[in-house]
């Protein structure tokens, strides 16, 4: 039962043209499909059909799609999801452009999640035969190479964490708790592989998005990305700076709809047997922004 | 059936004191166990008892140890190894310091491999409660945080690759072949997770080691590591430079016994569904050292 | 008439022990002289006796010392200073530890300035014979290699700028003005060599210090410096981020007395013939903090 | 008597079209003037008319042009040059495109040198009003921002050094000598400002060019530059690596005519009073390539 990664997310943007300028021109994602109501994007180093869909609609996360290693695992996950107590429904090839069969569930956090095995292969921008390390013809804007993770809010963080850890076999990399011996996390950081986190779930209203993140190669690329965002007059939230939690380097900003974006670099490699790190509430500010040790109120209150 | 990572390797060094100076003082690894004939080392960000054992003896790779996720997987791997045609033997807790039960096999390449689930937990140098991003008390020498991978030689690369891919469920990230349509690789790069490679197997004499590699955080740390190696008069092989294969940044050097070491940074994140990259022999030099596009003869001929 | 650089500054700290911990242990400067009321410090790559003196006293800048290339230039500067209308007095060898003869003046901004040619040679930490690129025995804390610049406030920025440009032959690298055609700057950035600025003078109360800055080698060292400051619980002001003005990379923080410090990297090379860059008030926030385009109120109001 | 910098060099290339592809398309320099026999180039962050002229002709350095701060200095330099024993001739505005009056001399090393005060102002690619830190419309190829220095060969290094130090008031930053007490350098590194060197002069045939160098912002940009050179199939000489001498980070390669180019980053800030560093012949390899401590024979024998 292996979840490979967060294969795609769908987000809502009231002004689709503005969203396309942001994700296409400013972030430098490649549009792989478009119709009157939505656009699909992939980053230059991804090979599947898309990792992001922006749709006309209210800001926020419409749904997330987890790519599973194989059909047997998909079926096992579906059964285990039912056993956990969630209701599931089948999803058919073509329900999403370029995505195969699978199933859908509503998570304990109220977010819609899809699980699937097949996606149309588009290929990365450097190809598969004697490839260059990056596209010699250039990539526009921030030029993020790969989708990284999302952070969402949930009223019941503990139960949502248990779904990911017990059913989906995610590993809890780090946790923020009120007191060292607390069982229930305030925020949990979960990994389905070696990334330090594929999803973070934090205490807050059900069904909301805190941020979506693209992975950059280095701290230098965070700086250059920040320059590009400034040139495009994108509103910055926080950074560039260091996270204590994950050790990553980060810059937060907003898309035109108010959905928080992050570019993220670094962060250690995790494994299923890596002991979970615990952060306590008294050191939360250091955990979130290690250097400054302060968290702007909007960072914890604005979700979409 | 999940292999987590290359948990440890044992290498031979004729002069143990010189080996300890190299791996302990120059690389900055932490000695976790020592007796008259060997020393165990872990890197500062690792948590298991050791990832490297140096032993009095001839240069070369004595054995490698693959850490497996759980006992059921271990048993399944053992059965599948037998089915593949290799003979296996049981290994007992305590056969290696700090390592639990498991099994041993001789790979088609002639290398000894061990598979195990348990290792004593030592913990990383930053701890598990509100940790710093790196040890504030400092780490000596090159200060590599984590073991990365090994490269070995095999007379029959294809069969060895098939053992890793078909039995151990590794993913072939990249392959060097003589001609685009060749079935048999000259070099194969295999991953058991999201690292671009955990082991590389290249055409050559059975049972030999091409290099062992530690992972650095960035290209900047490759430079600083090179400075440290120069200050310690360590013989350099090649680099700093860029690999075409894996996109990684690299510096090769030799321990006092002549075992080739690498410090490695970057390299893309791979997945089980990432399409395999193919390099052809006419672009081999670019694949190995992307910038210079030339490979010193010793790089392909010196193995231990 | 050549001013080489800002050779030293004296600052006041009410708690000398706390100041010594900050500048010695946290910044990693080397103490070269100490008595009951003060300590002299140099950075590891500097060769003169000191570049910073901390003194028991009220926070703020006690005086600055400009090192001049030769005695003839010193005399010419003294005469030109008198012609400009400032009163000067002689300073004798030994008035400052390790510093030779010279003269003193009070600048139009109310700051005390000394000018001198000779300083005792201590030498850098890597020596002069076949040196390493950095001290192999290590440098503690932030490990800044070199003093960079100061920023001070003045009621009459224009007259102070004219003293530096017309008398001391500094070059105006950049200027912030209210409107494009304004003659009078709100902030002026002046260079006596190829650094983008050796001193910045901004509108504000006479005699005050906005910040003192050490130069780091790279954006990576700004991050590592920020980690060190966090480990030492040093209060951060702003950053890490990019300046628009100077293009430099920056992190601002406070010493225990409240004197603002900066670590600074990058910034272009300037020359006496490089055309002056003009920033207008409507783009001030972008000029100061390019990525975020916002300036916390304390950054403009806190001076010592 | 102040020399600001090496304002321009002229080099010969037998195949002008190939030279234009190299310096224009691959290095990303901007052509500011062209006729049938030559092209003028400036880097994106330079403001004068050009810093490089490539001319149809034999490989090598046709001449170098030193920009002087003012006319009085130019006249004083001319007189001092004559006193030193070199013959001079006047050069007229228009002898070089975009360059004003001045004088010419043949250096003791046999190289033609011009000295001038005026150059047509073209301006940098980011402009002078609220500029971006780099051109938002992009720069092609390696995108070096600024010319850095040249290295030439001379039969009599000592006399050439004395011309630069005694007549032009350059500072000797570093020197390679056979034995510590030798008066005569084998290589000398001279600075007219705060760059660690503006010219290096090494023992060899009179009138030859060892390399010309562009300055990059960081070690990361050396890597990216190396990638670009590899994509364009440019022959690499040595690097990326670290210099011991200057501490700089470097990559050497060849233009289509065989003229050696360098991209260079880092290197400390020097001053007229910084003590000269001495390297001895036994540590020459470490001085030239600090990490590898070996120098390919072609690096010392190929000059144009």
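We call the chains A, B, C and D, going by the order they appear; numbering starts again at 1 in every chain.
Keep this in mind: contacts are C-beta pairs under 8 Å (C-beta built on N, C-alpha and C of every residue); 3 or more make two chains touch, one makes a residue touch a chain.
Quick caveat: nothing in here was measured; it's all calculated off a predicted structure.
Student: Count the touching C-beta pairs: is A-B or B-D ahead?
Tutor: Between the chain pairs A-B and B-D, A-B carries more contacts.
Student: How many angstrom lie between the CA centroids of subunit B and subunit C, rounded to a whole number?
Tutor: Each chain's C-alpha centroid was found; their separation is 48 Å.
Student: Roughly how many whole angstrom separate the Cα centroids of subunit A and subunit B?
Tutor: Centre separation, subunit A to subunit B: 30 Å.
Student: Could you put a whole-Å number on the gap between the CA centroids of subunit B and subunit D?
Tutor: Roughly 43 Å separates the two chain centres.
Student: Two-or-more-chain contact residues of subunit C, please, as numbers and ranges.
Tutor: Expected reply: 132-133, 218-220, 227, 242, 286, 290.
Student: Chain contact graph: line, ring, star, complete or other?
Tutor: Topology of touching chains reads as complete, every chain touching all others.
Student: Provide the residue numbers of subunit D that touch subunit C in the complex, in ascending order.
Tutor: 2, 4-5, 45, 47-48, 67, 69, 121, 123, 128-133, 145-146, 180, 193-195, 215, 217-219, 242, 244, 247, 266, 268-269, 271-280, 283, 286-287, 290
Student: Per the contact definition, I'd like the list of subunit B residues that touch subunit D in the complex.
Tutor: 219-220, 223, 226-227, 229-230, 236, 240-242, 249, 251, 286, 290-294
Student: Flag every residue of subunit C that touches subunit B in the complex, lowest number first.
Tutor: Residues 132-134, 136, 138, 218, 220, 227, 231.
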